[in-house]
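The same chain A turns up in both complexes below, where it pairs with chain B and then with chain C.
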Partner chain A sequence: MARLRGRGFAAVNYPTGMNLGGDPSQALIHSTTTGTFVITLSSVDLGQGLKTVVAQCAAETLGLPLEMILVDTADTDTGPHCMGTFASRGTHRVGNAVIMAAREAREIMLEVAAEELEVDAADLETDGTGFIKLKGSEEKKIHVVDLALAAHFKQGKTISGRGIFLKPKSEPVPETGEMDPDSCQAHACTVAEVEVDDETGIVEVLNMYNVYEMGRALNPAMAHQQIVGGAWMGISHALFETTEPYYPDRAHGPTDYSEYLMPGPADLAAMESVILERPAANGPYGGKGIGEMTANSPIPAIANAIYDACGVRVESMPFTPEKILRGLDALRTANA
Partner chain B sequence: MPMRLATIDADYFADERDADLQVVGTPAPRADARGHVMGQTQYFEDVHYPGMTHLKMHRSTRHHALIRGVDTAPALEVPGVLRVLTWRDVPNNWYTILRLIGVEPDDEPVLAEDRVLYMGEPICAVVAETEAAAREGASRIRVDYEELPAVFDVEEALRPETIVVNPRHGHNYFTYEGHNCRRIRFGDIEKGFAEADQIFEFTYQSSPIEHAPLETTGCIVKPEADGRLKIHSDTQACYFTLDNTALTLGIPFNRLRVIGGTVGGGFGGKVDVMVEPIACIAAQLTNRPVKYVYSRAEEMQVSSPRAAERIIIKDGVTNDGRILARKITLYVDAGAYSRHSPYGTTKAAAHMPGPYTIPNVWVDAYCVYTNRTPSSAMRGFGVTIADFALESQMDRVAKALGIDPLVMRLQNAYRDGDMKAHRKLVEGAALIEVMQRAAELVEHELPAAYRAMSSTDGRGA
Partner chain C sequence: MASTIVQLTVNGQDAEFLAKPGTTLLMALRENLGLTAAKRGCAQGTCGTCDVIVDGRVVPSCLIPVETIVGAAVETLEGLADGNALSPLQAAFVEGFATQCGFCTPGMLMSATALLAENPAPTRGDVVRAISGNVCRCTGYEAIVDAILDGAARARAASTAAAD
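What follows is the complex of A and B.
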């Protein structure tokens, strides 16, 4: 009896946005008199960090620090329409809508500043700390807080902007399947290293190496969290999970977490990840969606590593100890 | 366990990256992280209203049966039970979630009428003063069934002699513009096989998978003084929920308000609009706040899972590893109703034949109805299981031909300017580069010609 080690590769792509498009999202942005810009949405942050990345996009576009941005979302009485958070669309759709809104607001912000500073708006720049200043000058500047007050109480202007992103719906050609399904494609290659116990059939994922190309990592820490969290789900899909363990038989369906098996923290592989960036022309600052795809390449990488380790080709998910042992038995019979 | 933040390798595509960004590209802390860690995040269940009532469902105990009769009287005898709702209480009982983007037909009832198509299908909703009373009431409802044969296998479901699962479709597949499947036809598949040195055909299978959110699906509905309904929900899509709910209730959209935005795990499991419509009807009929939350068992066995898929891939290849033809037959087990599966099946077809440039491609992707819990959206559906099949297949073929698994992929990898099987030109490709970088990461030796390849070099073919 032995613990057999193997390595497997998988390389994948993944589409950004609702398949076939037709999935708009809107954003509104306005400055309150505190100089804070409020982004109003109806989008849902599932915990992947949508609120954070769209705030970063707004801060980048406005040229203001992140602390000057607030996100107010997910109330249909106040927030403009969003199709929803799914299909790796949130960052791409909502990010683009927010950038469009912030561009409009920035233009007005610069006009208001130009009037206060008695200069041409085209000669102004933002310094990233909250000041709008005359290019090449350290004296001619105004802070966004003063600017917001001046806009409201002196100039009678709102500093606001509207944004929307819509990829028009594509209709597939029934005979050929010709269609325009996606906005862009992100890419990944996963290498899994596993150990198969040929006595118990248990597969352990020892190491996982991930290389992702995601256009632009708008927030590298959250991108990393997506990669690790998704890899965990991929490991779980590959080795543990199903609501119908004897599919297509409906029997023995688990009804709680003591019966529905998932890996614990100790089952998570050691991971090393690298991000490549090839900005998408239609992405927010080049960003593509990677929310969903991070669970994908780990599964075949593990399947291929199992084969490399012990010669068993797993054809059905999940790759349970029973299937590994039956595969090993079949190999022994074939070799006998 | 070593866990380092992912590194960004700026050497790749250096001339395409804008290096002059200030806020984008920084690891700003996640807006909600501190609240989660401190236990201060407010979820929909943290909303409390005086006089809140609770809704529990009586569900089918059969996989496939006609309903001969329903006796709700025993439920009403339970102290605290206020009301039992049946399909007659639902203004527009028939729907399909994707009617919002034009998908037809409406193939699912909010509450079962004359039949049930899967075990766990909702039949009656019991509204009570307490959760315990609602649960007790639901358990006392008696349903008289006449059992029908149940269909569990996708290929059995497609045989002409098999009983029809969902009468609204009339057959056990979703119809795509007159076809029994979503098709891709590119090149000449038979010519490709004829020119191939070898043919490899394998079948891949998955089983249904649960989203397993920590927070189960649910909502709280509060009738407001102005007659509108305020819905606190953990939906992934506030307007999807609002629009579908208003259509089911038969009221103007502006009579509803959805408040959400905090979700204790979604993964696609919270875009089905399963709880809000019936909770709204209960709130209308009782004029009381109503809470309807799935139990863990309901979340695992009744809420939509990731579809089981069966994928058959047949490849025609040359001895040096070029794929000349790839024929794919794919079955998505939609369960009893459409939900998001017709969409997911098209997405699967669009994903084929994977990120490879293959001159002859033929795909038949079937969305198949069976007597199991309807499957629906889950993280990457249409693609996740396809990738398991495609990338297992690539390894098997490479192994059989005696070619390095990465070399086999690099040889066939799509590049800018290639034509995909769904006739869209490839742009922004980076498959070659992620493989090259992965090889470097694990010190997997690649021949120089493969290290020098680039996604930006057109094949020129």
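What follows is the complex of A and C.
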């Protein structure tokens, strides 16, 4: 009896967004009296970091510090429309809508500043710390807090903007089948190294290497976090998760959380992940979506590594000890 | 059955409230005392997001009938920070991107806090063992384990500095 080692790889190309009846997200942005720019969205952040990423997009476009941006995703009844945060679309669709809204708001912000400073709006720039200043001058400037007060109480203006990003529905060209169902695709490759115990059938993932081409990583630390978390989910799907672990009798199946198998912190593979950046022309500052794909390539990579280790070709998830042992038995019978 | 008056020390402060029969420590913290950091995940002691420290030991508060621990000292996530100053572990979690959706974070931090109280210089294996009762569905655990080791190092550095 032996512990057999193997290595396998798998690659994935993944579309950003979807192509049902058109794929829109909208955003509104406005300045409060204190110069805080509120982004109103219906998009939901359930931990993937959308609020952080769209705040970065708005800060970059407005030329203001990140601390001056507040993202409000409070209510889908009253907010501008969003299809939802799924299909790896949030960063791309919502990010683009927020940039569009911030551009419009920036134009008005500069107009208000121009009136306050008695200069031409075209000669103004933002310095990234909260000041709008005359290009080449250190004296002629106004802070956005004073600007917001002036807009509200002197000039009677709203510093606001609207953002509408719509990816129209794409129909295939009948003659060629050519179409544009997504705006861009992200690409990744995973290499898994496993150890298969041919006595117990247990598979352990020892090492995992991931490379992602994701346009520009708008927040590299969060992108890395998403890759690692997704790879863990991939390992979980590949080796653990099922609601029917005691086939064929459902009566012996799990009934609650405590009987649903998932890998814990002790089942982790040593993980190395690399991000490659090739900005997408239509992405918000070049970004694409990688939300869903991070759980994909680990699964076939592990299946291929199992084949490399012991010759068993597993064809359904999860790759349980039972399936490995049955596969090994079949190989022995075939070779006998 | 009649409700009982329960006294506890919660995060160093006396707390006294009327608990209906069957009230768990988790329900008491969330509903009687308004401390909502500990979360109700599985409600059967397997996910760890309701973890708090009772008399020095980390326990799933969803399984503890509160009337059985009258007089106990309870520590929750709310007690870790000193005003706006985060504990070394909390700071390490923030800077190490060790949270995503955040639902497991309160339990992770309490398990880690209990670990460091007992063992200020844990190995990676010690950390893994300490959080093996805490389920995380987002991060893949790597960032959490790294953050706990970082938080331990920060706490050691802070106590060395305080001693000097």
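Going forward, the second predicted complex is superposed on the first by the 311 of 336 C-alpha atoms of A that agree within 3 Å, B and C clash if a C-alpha of one lies under 4 Å from a C-alpha of the other, contacts with A are read in each partner's own complex, and residues count from 1 in each chain.
One rule holds for everything that comes next: a contact is a pair of C-beta atoms (placed from the backbone, for glycine too) under 8 Å apart; a residue touches a chain by one contact, two chains touch by 3 or more.
Quantities reported herein were computed from a predicted structural model and do not represent experimental measurements.
When the two complexes are overlaid, the chain among chain B and chain C that reaches more residues of chain A is B. Once chain A of one complex is fitted onto chain A of the other, the partner contacts of A:Met317 are limited to chain B, with no touch recorded for chain C. In the superposed model, A:Leu46 makes contact with both chain B and chain C.
After overlaying the two complexes on the shared chain, residue contacts for A:Val228 are found with chain B and with chain C alike. In the overlay built on the shared chain, the residue A:Pro174 is in contact with chain B alone; chain C does not reach it.
Legend: residue contacts after superposition of the two complexes on their common chain; A:Cys82 is shown touching chain B, with no touch to chain C. In the superposition on chain A, A:Asp256 makes contact with both chain B and chain C. Contact with chain B, but none with chain C, is seen for A:Cys184 once the two complexes are overlaid on the shared chain.
Of the two partner chains placed by the overlay, only chain B lies in contact with A:Pro220; chain C stays clear of it.
Residue contacts after overlaying the shared chain place A:Met271 against chain B and chain C alike. Residues common to the contacts of chain A with chain B and with chain C across the two structures: 46-47, 49, 221-222, 224-225, 228, 233, 256-257, 262, 268, 271.
Residues 46-49, 221-222, 224-225, 228-233, 256-258, 262, 264-266, 268, 271 of chain A are the ones that touch chain C when the two sit in their complex. Per the touch definition, chain C reaches chain A in the complex via residues 42, 44, 46-47, 97, 99-103, 127-129, 131-132, 135, 137-145.
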